[in-house]
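Letters A, B, C, D, E and F mark the chains in the order given here, with residues in each chain numbered from 1 onward.
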């Protein structure tokens, strides 16, 4: 294994995490019968980078991939979206895949993860190019990464430290995955990382079930900020929008009505939209509006990536999206 | 014509009827312009067998097919779904097809049947392997089969007698098809079959329009049971669920909220789900719940077949289907 | 350039305008990422002709196309729909295309026009076969055609005069396109054409924003009829149906509930349905009902063309469309 | 049943025969497993009309179809190709279909016909609009039509007589189908029709196996012309081209090298190309060249129809087809 | 883990090995860019069972799969092909996948295996239902299975012993995979299994490179038979056909000319065709002919499975496959 | 119009030219009938950059695009392939498209260009970021760019001067397009550019027909080098490989046998492969080998882009491409 990744300019935003191939049947199809699969590329942290890049942020994604056509498939997708792939290419390991079967009520959506044996799980901090972290304005990872393996958790911690030491703002999106670990395991590990984290993103449900927070969203945000000394805590509430406590002040934004085509990745789109505006100098309320709008637009698009434009997000933020044909 | 069908172990459930190829255009497409057709395999009685097999019942399907790639297409599909095809292969005749054009309001769905000349129409009782009927726990056919031809009606009657004589429970799903016969013709023929039928499935509308039943669903079930001595009468009520009179007691179950992708075959899925549970020893109320849940799940899946699992049905029955992504 | 178009019998309805290839991504896809495009053929005036032809009207479409596989693609589509293409084939110029990206709330639908350099823009009245106009019962064009170029506006005017002089009823659908001209430019040009127009179709919004009409739909229709001496003014109101002032009397029709698959071309379908009935001798109220029903059915079908049948429209008009499967 | 077909102008070429939907799996797919079918429209006589229309001939097709979306599908396809469908629409009967499975060596191509019960089989001469036959320059049918049923044979004979009596040149393409009748039956019936036939098209193999002709292609043509008094006999020889005896003179043309995508309909394309040139006034040698070139081009195109242009055929005839990209 | 597999009747042929999902891009597509994947199901030993079942053999396949939609996808495919899946369903592990990228000269075909972590690798002989082995006529596995893991090698050995002890003929197809082990490792392990093997299938190249055989195919077969006491040794020679030494006598069969659509699985189709005939009582020469013909037909079909019929194979064997359309 | 393009690191290779969307029907389909189009992105100069980037070169592409989803589609594709798009985004103009219809013998391939009105045609040297040219090692453009418009020719000349003045090696691929200009016009314009060109790529046919060169490929290369003082002249000869005169020495390389799926862009792949090796320090003979191998691999892949890897090219160069499955 060698950190033989590609050189690039300094990015404002660097994210770190695993990205997979998503394989899904056509609408109404079942994985247990499927003859054709649509391929998308997705991972919480690269999704954030894609959304931010779509809105103008210089973004890079730090990870490991096997040197194979499938590893290149992932890098190709991110590069196309304008995200610099800072990849540790490996001889061993496989590309994670996940099978996603959409399904309406009462079936529900189904995800079959097939992500064992991926190289990020055995990635040593020394294998990662930590240099870009030092030049970046913000470093983001999620609670999925440390859940992958003990090694991945250690590397996540080391990278957060590196960034923090270099004066780079650090952010973590809790993103609890019950198929990877238990709430107790998650809480233990994440609380170990929190001292090096400046900005926390957390879904209201995860805050309750994993971090044992109590009360309404506002109370949750305040108590988490207080308990761990976060600069900012952003609580996402699905259909109910999002709320942030920033330096003690609460900001709130309701959700936008959407015709959902594909909900996967909308939480990441929120984070990407929020960060793009923050990195652009906007205040928290404006960033919340952009996050919510980016998430809503994502839901109208197939795939994990928020393939949107700043102009589209601005139109939603300005309530100028009537759904009419513009001609 | 020779009853040269495949051998197999005894099945709990044997169904008898015609199965066709379903050809449908992509969403928004019109048959009168179509360039591509999706192929599914469906028939009321084999749909019942598929649903029951999906839930763990040993199921077989008795029918006739021409020896051709299209005949094999039908058998292949059922075999894949775990249903034993007990087929009388013929040199003559064609595979029935039906063209299905989905369409929302105000267009409505359109079905063009192309089912003349199929071998089941000239199938003599002597051509059918009646042996499996004798070992089965339950034999089901529908009102579609006797509607196909006088010969098919005679064979349906003979098979019901055979099963009944052997102590196999017999069931009939009225399934009135206005394109095959008039209500009066249907009533005459079906009433001739009723003496050999133990369990009747009937849609509320068919009960009124074909069987001249009156009153609400409850009254209908009671009066049909009384008039023809059925052990059980199950009245299906579409969006309003289903109701059964079993040995004089009424059981009822409301429908489940569904995001419908393809409604075709949901009535058959109900019957399959109901029978699977009954054959598994469950009481009527539990069977109704499983029938309704299987039907609801079917509506989320493209094609005539209820490609569901027992676990999925159980989750719906247990009200544990939130529509959330399970990850 | 030579008016070397195809001969044909006299048509009741002749329309004049530009028709394009429509290229659209699959559902949930984005033009900025697209790998496959569905091809449809559409243009306001040919859409009207297609809808009318579908309902039994002898219809022709007058236009110019380059002699190329793409030009032939357009003619092939219209011919298939039963519309006679009266085409001036040219050596120069291109086929107009437009890219259509469907998208639900809050994204909205997006149209990217790519219609510069089409031969209809430089079409001289002398290049057009004006003969069929003289034998037709009704000649229709739209406000899009004169918006294409000064030459196209002049030719539109000349054709309206020709038709009017020959005793052919003339109709114009305002169809304002903000990407082609400003409201003021549109009003100037259209008002120059109005003296030769008998029947005006106008969306309520266009009436206000382009023609400076005021008041409710009824007032708009009355004032436009009075101001320009139209025989009939039909005001379309989207979800609220349509209203006509005909010889001073007001007729109104509410919209039909629809499950929309593709809204493009539904306004043209309305006009086609309305005209088909009028040309068939029906009174205005019946024509309004057919227009509204044709538009509703169009919305259930992919593509710009109203590939419906008279029987389907009649069922909707007769409120006999229950959405049930007819089998 | 009523001969309620559409009016149209007089056509130079009128053909009579059955046209079907062709359903085929994607390359490498098997009918016995297929999930998707491509739809094409084809029939020997309408294929001839399509090829001739593509090359500029006014062509019409005489047949019967059921009034259904599938019947309209057939008429829509032919109308799009510029062929006037002179259809007797019926309430009864079905649209013929055939399933076509392409397959290379050693599998071979497979056709499954599903053409029973089509309305042309019970079409009475009185149900057919014989008027266009009288104004046409040439009337063509094939040996498939009389093979469909005794009634179809009688109607074929009556139409040939009608055309012949009106001074319309008559042509018959032998087109022997072993799945419809035996060589002896075919010979008997066809020889009954020959007295009313002016031009005979026959594959060399059919001439030998059905018509008992002997010797080489030249001898076959001479002997058939002599035996039945044909004005012209055209013998097609597959890869070896075609040969005609016309008024006692022999003309020959070798085949053109082709990269075959779909061979179905290439014989019909030959006839259409030949007739288009003859009807345009060309001599037999030129017509043979056009026939061979049209057939070769057809083989490069998916589907039964020769969707070619006169310019393309001319380029092949002029040996100006190098296979290079023209840019 | 529990051997909770499905009951079934005794099969003549039982095979044991891993079966995977095959994911492949459309023709000309690259895995490193792919947006859609076609799904097939394949594994050397199940491919053999499918081919034999297609030709009439009662066949079963012994393996392990995780209880997941993807595991069910595999079982569904085999069941559809008429092969009884005798599956040990597990809670742990994944379904193996392999990505297959077809490519002509000079690119070559590319296979990316993703088969780590599959449950067959940790399958204990006690987890396998060994009962069917005892009643079968022939048990087949391949050199791929013992290459998967030490545990899989041990279980393979145990099953061969079980079969052998029960008087069931045992067969092994060497099927060397360089991505799984080295020639030396393969030789060591396979030679340990040979004493329990009656019939050996081996590609000529594998015989040389793995088993160190020398001389021409004939010499190879003789020396392997002599060295290990095989009853029969079948040497496959790709384009040059196949050769068998059976009880000291040599039989040979040349290959059949094919238009290859998909070569994957043709070796397995050979074995399946050969065994089907042998189990049907045919002598070795006839079995070789059927093997070669089945392999040739497989190459004309997309996917790993030989979806052929006995009639098709017989036609090829009888040299009755002309490639002509049969109509 | 503003040169508001994206910043990036210095690239070794910068190319300048127009890139279009390529729209093509599925195999066997015709543009005049097409319902679906596959979208690829291609342009001679960006194709060269893609091929070089695939082989490891830092490559950038200089051009103009309208700010629209289609303009972004082009940039997205190139970015995905690892080429930095140095785009002048404009408010006016359209994205060029070309329709490509593949077709075997005798039809030939057909290209319909639709490239009028693109912003590169009115691009002023001042609108272009000339900075990257100065830092690059090599600047390439083709004879297509100056053929687009007089302004484009002037800008091409200015950029060649800029590069030349900065010491950047300059290369020009003649790439004659008969649909854009005559041989005489091309010769005049190109000869005006030649003084600033160091390396010339020219197809043997273009050398003869456009540049009036005579003799065999060797003579052509010598005479062109002599006449215009080129450092290197590379003559490409299609199936016969390529030949270079470099500093007076001749090097030659035969073509590689290929199974062609899509020939478009293979000439550009040659240039990209050649330059990648040259920029990597290789001598001309090795570069020729890489060019020829890259071109051959391109022909096995759908689309204009050489989506290959250095390892694949190396295998072909090393004659290690056997077409066998590597597993």
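Everything below uses one rule, namely that contacts are C-beta pairs under 8 Å (C-beta built on N, C-alpha and C of every residue); 3 or more make two chains touch, one makes a residue touch a chain.
The model shown is predicted, which means the values in this text are computed figures rather than measured ones.
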Each chain counted as touching chain D and chain F at once: C, E
Shortest chain-hopping distance from chain C out to chain E: 2
From chain C, the most remote chain by mean C-alpha position: E
CA centroid of chain B to CA centroid of chain E, Å: 38
Centroid distance [mean C-alpha coordinates] between chain F and chain C, Å: 44
Whole-Å gap between the CA centroids of chain D and chain E: 47
Multi-chain contact residues (two or more partners), chain A: 30, 32-33, 35, 72, 76, 80, 110, 309
Chain contact topology (line, ring, star, complete or other): other
Touching chain combinations (by label order): A-B, A-C, A-E, A-F, B-C, B-D, B-E, C-D, C-F, D-E, D-F, E-F
Chain E contact footprint on chain D (complex, rising order): 26-30, 32-33, 103-111, 113, 177-179, 263-264
Touching residues on chain C, where the partner in the complex is chain F: 23, 30-39, 68-70, 72-73, 76, 94-95, 97, 99, 101, 110, 112, 114, 116-117
Partner chain E, residues of chain B touching it in the complex: 7-9, 72, 76-77, 79-82, 309
Contacting residues of chain E [partner chain D, same complex]: 80, 256-262, 293, 296-297, 300-303, 307, 309, 312, 316, 321-327
